[in-house]
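Before I ask anything, let me first share the structure, which is written out below as structure tokens.
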Amino acid sequence: MSMLLQVQGVTKRFGGLQALTQVTFDLPKGQIFGLIGPNGAGKTTLFNTINGVYHPEEGRILFQGKDVTQMHPYHLAKMGMARTHQIVRPLNELTVRENVMVGACFGHENQSLGKAAKIADETLDFVKISGRSDQLAGSLNVAQKKRLEMARALAAHPRLLLLDEVLAGLNPSEIDGMIQMVLDIRAQGITIIMIEHLMKAVMNVSDRILVLDYGEQIAEGSPSEIANHPKVIEAYLGDPKLAEKLMEED
Amino acid sequence: MKRSLFNLFAVLVILSLALAACGAPAVEEAPAAEAPAAAATEAPAAEEAPAAAVEKTAIVGFTASLTGKLNVESTRQNNGFKLWMDQVNAAGGVPLADGTVVKFDSKFYDDESNKDRVQELYTKLVTEDNADFLISPYSSGLADASAVIAEQYGKIMVTTGAASDSTYQKGYTLVYQAYTPASAYLTGSLDLLANADAAAKKIAIVHENDKFSTDVVTALEAYAIEKGYEVVLNEGYDSGTTDFAPIINKIPADVDAIMGGGHFADGQQFAKALSDKGVAAKFISLLVAPPEPTFAEIGDAAFGIVGPSQWEPLAAFAPDYGPTGAEFIEAYKAAFGEEPSYHAAGGYAAGLILQKGIETAGSLDVEAVKAAIDSEDMMTFFGHIKFDTSAENHGLQVGHSMVYVQWQKDASGALVKQVVWPLEGKTAETVYPIK
Amino acid sequence: MKQWLHPGFWLTLLIVLALGLAPVFTRNAGLRETGFTILLAISMAVSLNIIMGYTGYVSFGHVVFYGLGGYTGMYLIDTWGAPLPLAVLGGGATSALLAFGLGKAILRLRGAYFALATIGVNEAVRTFVANFKPFGGPTGIELQFSVYKQYGGAADALWLTYYGVIAISVFAVIFSYYIKTSKFGLGLMSIREDEDAAEVMGVITPDAKTMAFVFSAFLPGMLGVLFFFKNGNVEPADAFRLGFSIESLVMIMLGGQGTLLGPVIGALGYQRLRGLLLTSDAMIGSLPLKDFQLVIAGLLMLVIILFIPAGLVGWLRQKFAFLRRILV
Amino acid sequence: MNAGMILTSLVDGLLIGVVYGIAAMGLNLIWGVMRVINLAHGALISLGMFGVYLLFSGLGLNPYLSLVLVALLGLLMGVLIYVIAIQRVINAPYLSTLLATFAINMIIIGLGTAAFTTTPRDIGFSLGNVELGPLTLQGTRLVAALVTLTVTAILYTFLYRTRTGKYIRAVSNNRAAAELMGIPSARILALSFGIGTMLAAIAGGLIATFFSFTILSGDLYQQKSFIIGVLGGLGNPLGALVGGLILGVLEGVLPLTMPNTWVPVIEFVLFIVILLVKPSGLLGGKK
């Protein structure tokens, strides 16, 4: 099985703060890879480092076998990496369709405008907000913005999709829809890394899970391995509410 | 039936009203158009009665810097021109050969001291306001832009405050300079210095880094070197500079004379800074600022400063045309409540140049007036006026020369301006050395 | 290519053409000069809108391209005897080159830092040119009146520059619309909305921004040559007048940034208003209205910024849904 | 070039630098607190000049006494400008505040030109000169330096020792957080703008004691203030003093080594380079 993404000993510091310490994992094609950890564990930083927003002080990152450690986000996007943001970042003054077209035009497939419009309509259909394509993105509600965020990433037809808390702030029925969508995406052959706080969701959909705590990689394995990992339980005890949830949901 | 009749009636009424409305001006115009003819036929009958001269109004157009950095100089120039116009009109205007009398009216716009709209405004003056003659805007850069329009429309333009020689070397045929050109602004102060102190050798030149001042000091430096002076420093400063300390610190302590400057505000500030810094030059000659009455606002710092002036109230020329200096000063004071400066006199002189040209030509025809101005060679209260008529330098002022003033103290210790050069026009001895 | 059928594009183009051609048909020189001032303003605003309205980078230094281009063109004419069209292209190319050189560096700065840097660039170039001997230093470059002879005299030369400014403004509108509706333009607008998000989606932001800056700079470079050729001389203080940059910004704000029609309407309105105020004979008390033209312009601008920040076209588009299909 | 020349240039540079510093301080404070680049700053400096001029030549008030009045008027005026022109757009894209302040600038310059014309004014006030070895120091400039240092000390004390000052710094650090903590940010912003304007007015008043001026004169100091801001750290009002001193010394000493007209070229190139390399300013300061 060829590795789509290899993260090797990545360390990232901000001033005196050690945000990531020696994070290492391999991600084979076609998997859903869960990324969990308490608040401030460095999950989003890891995303930012993978997709070139930050450059690590140590270690390297290989994407499709190529060293991309020092590359910029747009290089990685062109190579087939797409992501969503924890806090949605719609292009407010553009229409929903235009937002998605940006992904199709400039992402992995570098489509022409005309083709991108078609892809955008298909993608908006897939994420079920096609009724709003001509609205300004700024006028959507949070759940719709999340779908838009997803659509923009998907429209690039990426190889790897980084999902940063796509479930946060959604109500239960919306969550179910979104989870189904993630599974559908994987079914299209797209590899996914997802950061998620909702343990139930992560445990259910992930093939493998990596746990970060204070920038340290404390565990990696299948959902059941993770659930029983002493270090993980210990880490989550620092955050009683989450620990409780973890127990409950298991 | 009745109804349609009513409609027809209504339509007719409206139609006739409309026709009347359209026709009205035509009806009024008809007698007016015939009036001269009528007058002509009746004229023999009224032979004894003095023929009411037919009046024409010649419009003189210009732009002025009502706002922006050139506001002071420009306002005074306007005042001078306006005074000329009021006096000519009050005196009954200028008679032409065909018996008509020309009176003058002016039209002006604000050019904001920048070039953006100069051409637009001059075109408007010519095409919409039907200006017959033009006066240039203040400053060479703006004058160059307006000259293109003047030439294009075949309008005579008198420049005031557009001193750069280069303007007249560009091949214009209708542009006439009222002022002594830039190249002769400061050369006279070197002659003055030589006269006051044959041993003076070292000169520092400090000037505004703009076109006018650079033109002046380029000619000055060449003249100084030719005369055997040593130019120990030639430095420019940015327009709008207020802190002169850095540049003053570069002036060697043993320098005999400091010359240069730029426009009013910086010249005044520079003089003040020289005094504040206790610079020990024996002779200081600056452009533009010293002749202005308000220069004395800086108090003792003004003492001893020499400046070239296009005109001074004290310099009494014996005019063969126009008012005497004293008459001009009195009228100006009465009209504007302040002493006239050379910009004011220049504005008046520009009017005189046009007036003389029109009188000699006896018509408003551009070619005739041009020929008349080309041949002007007159002494006015402003000084001698004569133009270069060669193709290379057409319109360049060759008659007029600068007078040099120096701020001195009178018996009561008050600052007064005295003419110190040329010697034949001097009202006081040069104070030298000033420190 | 269906975007070329959009009524908003044709409306804008028609406005510019009607404005531009009125003096040509009436052969009225007064109108021509007013037209020149307005079309110059329109082209400046439309070109600035590419970097400011589409890309979201507010440049206070747009005039640097106008000045440097103007200087280059005048230099080509004066020293090399270049014909006007060549000089115009040369001016445009030089400005584009400067934008290319600067772009990669200063476009890394965001927001107000970029705005400040552009002021710095303008002042640096202005003070440099005042020291640069080939450009005449402080005295600038002057043309002989005979230069106009090869174009049939001053009158024809002025008409020629006017045709030039019509051509440039028409080109500016078409080019601006082309960018707005192109894939490149979509990239620019995504940068304007959220530069980081745009990068993540694959927009190569440094290249896109630099290209936008280059396109934005090319037009003023050409305009500068026309203007200074027409005036017959150029000096540092005229060429790099910061106020002109700011006026262009104001025009865009008045009309609506990021729209095609906005800068055109804004420039037209602003210049007409200033023109009227400058030449009006009305009085306020004992003072002529002219004295207050700056105050009135300032008040008007403040009201627009405070109450209709989207500008006229932006406001109309927000207020009336049906206008969104007509105005772009 | 000799030691005397260098010393004189250095001291002159420091003296003008102090003035540059206070001229930039208000601009810097306003940027720091509310991320507004106040393009009316230069016009407000000019108003300060005219304030002292009118009080001195009109009412015969001592210029330094006038300065106190002018400072108070400046404070009021600043608050007024904030309420009228800035408050509505304080959260809008920064272009709005730039243009709003520029509109204020146009209004002030327009009214000022109509009222005072652009004829240079000079208050004709002198405290004589102080001779110190090779140095000739102008009394009014020495006092200006002294006043600046005092004002800086008061500002520092105000910002770091009083409750309101702490509020200002809190709003400056993070407005949203400050609001959550119950700090009345609207009032603090208005006050900060007032203080910034007051500093501009004081700077203008001081400059008027030794330079001639017109309503347009403030513009020069506004431009210098940008450079100073970048030198000393944009947003750091105290850094402005240091930035001003650096700029003053550069302007004083550089002309000894090159033609004077190249100095502004160096200044602006330096400005751009620092912006590019270290936008938070040579001396750090907040980003």
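Letters A, B, C and D mark the chains as written, and numbering starts fresh at 1 in each.
Simple rule for what comes next: a contact is a pair of C-beta atoms (placed from the backbone, for glycine too) under 8 Å apart; a residue touches a chain by one contact, two chains touch by 3 or more.
As the structure is a computational prediction, the values presented were derived from the model and not from experiment.
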item	value
From chain B, the most remote chain by mean C-alpha position	A
Distance between chain centroids, defined by C-alpha means - chain A, chain B (Å)	75
Length of the line joining the C-alpha centres of chain B and chain C, rounded to whole Å	34
Whole-Å gap between the CA centroids of chain B and chain D	39
Inter-centroid spacing, chain D versus chain C (mean Cα positions, whole Å)	32
Residue list for chain A, restricted to those that touch at least two other chains	none
Where chain B touches two or more other chains, by residue	67, 209, 236, 238
Per-residue overlap in chain D, given as positions that touch at least 2 other chains	113, 259, 261, 264
Touch relationships between chains, expressed as pairs	A-C, B-C, B-D, C-D
Contact set on chain A toward chain C in their complex	51, 53, 72-74, 77-78, 82-83, 85, 89-94, 98, 101-103, 105-108, 110, 112-113, 116, 152-153, 156
For the chain C and chain A complex, residues of the former touching the latter	182-183, 186-187, 189-190, 192-194, 196-205, 258
Contact footprint of chain D on chain B as seen in their complex	67-69, 71-72, 75, 209, 235-238, 240, 242-243, 245-247, 249-250, 264-265, 268-269, 272, 276-278, 294, 297-299
Chain B partner contacts - residues on chain C that touch it in the complex	28-30, 32-34, 36-37, 127, 130, 137-140, 142-146, 148, 153-155, 158, 230-233, 235, 237-238, 241, 243-244, 275, 278-279, 290-291, 293-294
Interfacial residue positions of chain D with respect to chain C in the complex	31, 35, 37, 85, 88-89, 92, 94-96, 98-100, 102-107, 109-111, 113-114, 223, 226-227, 230, 259, 261-262, 264-265, 268-269, 271-272, 275-276, 279
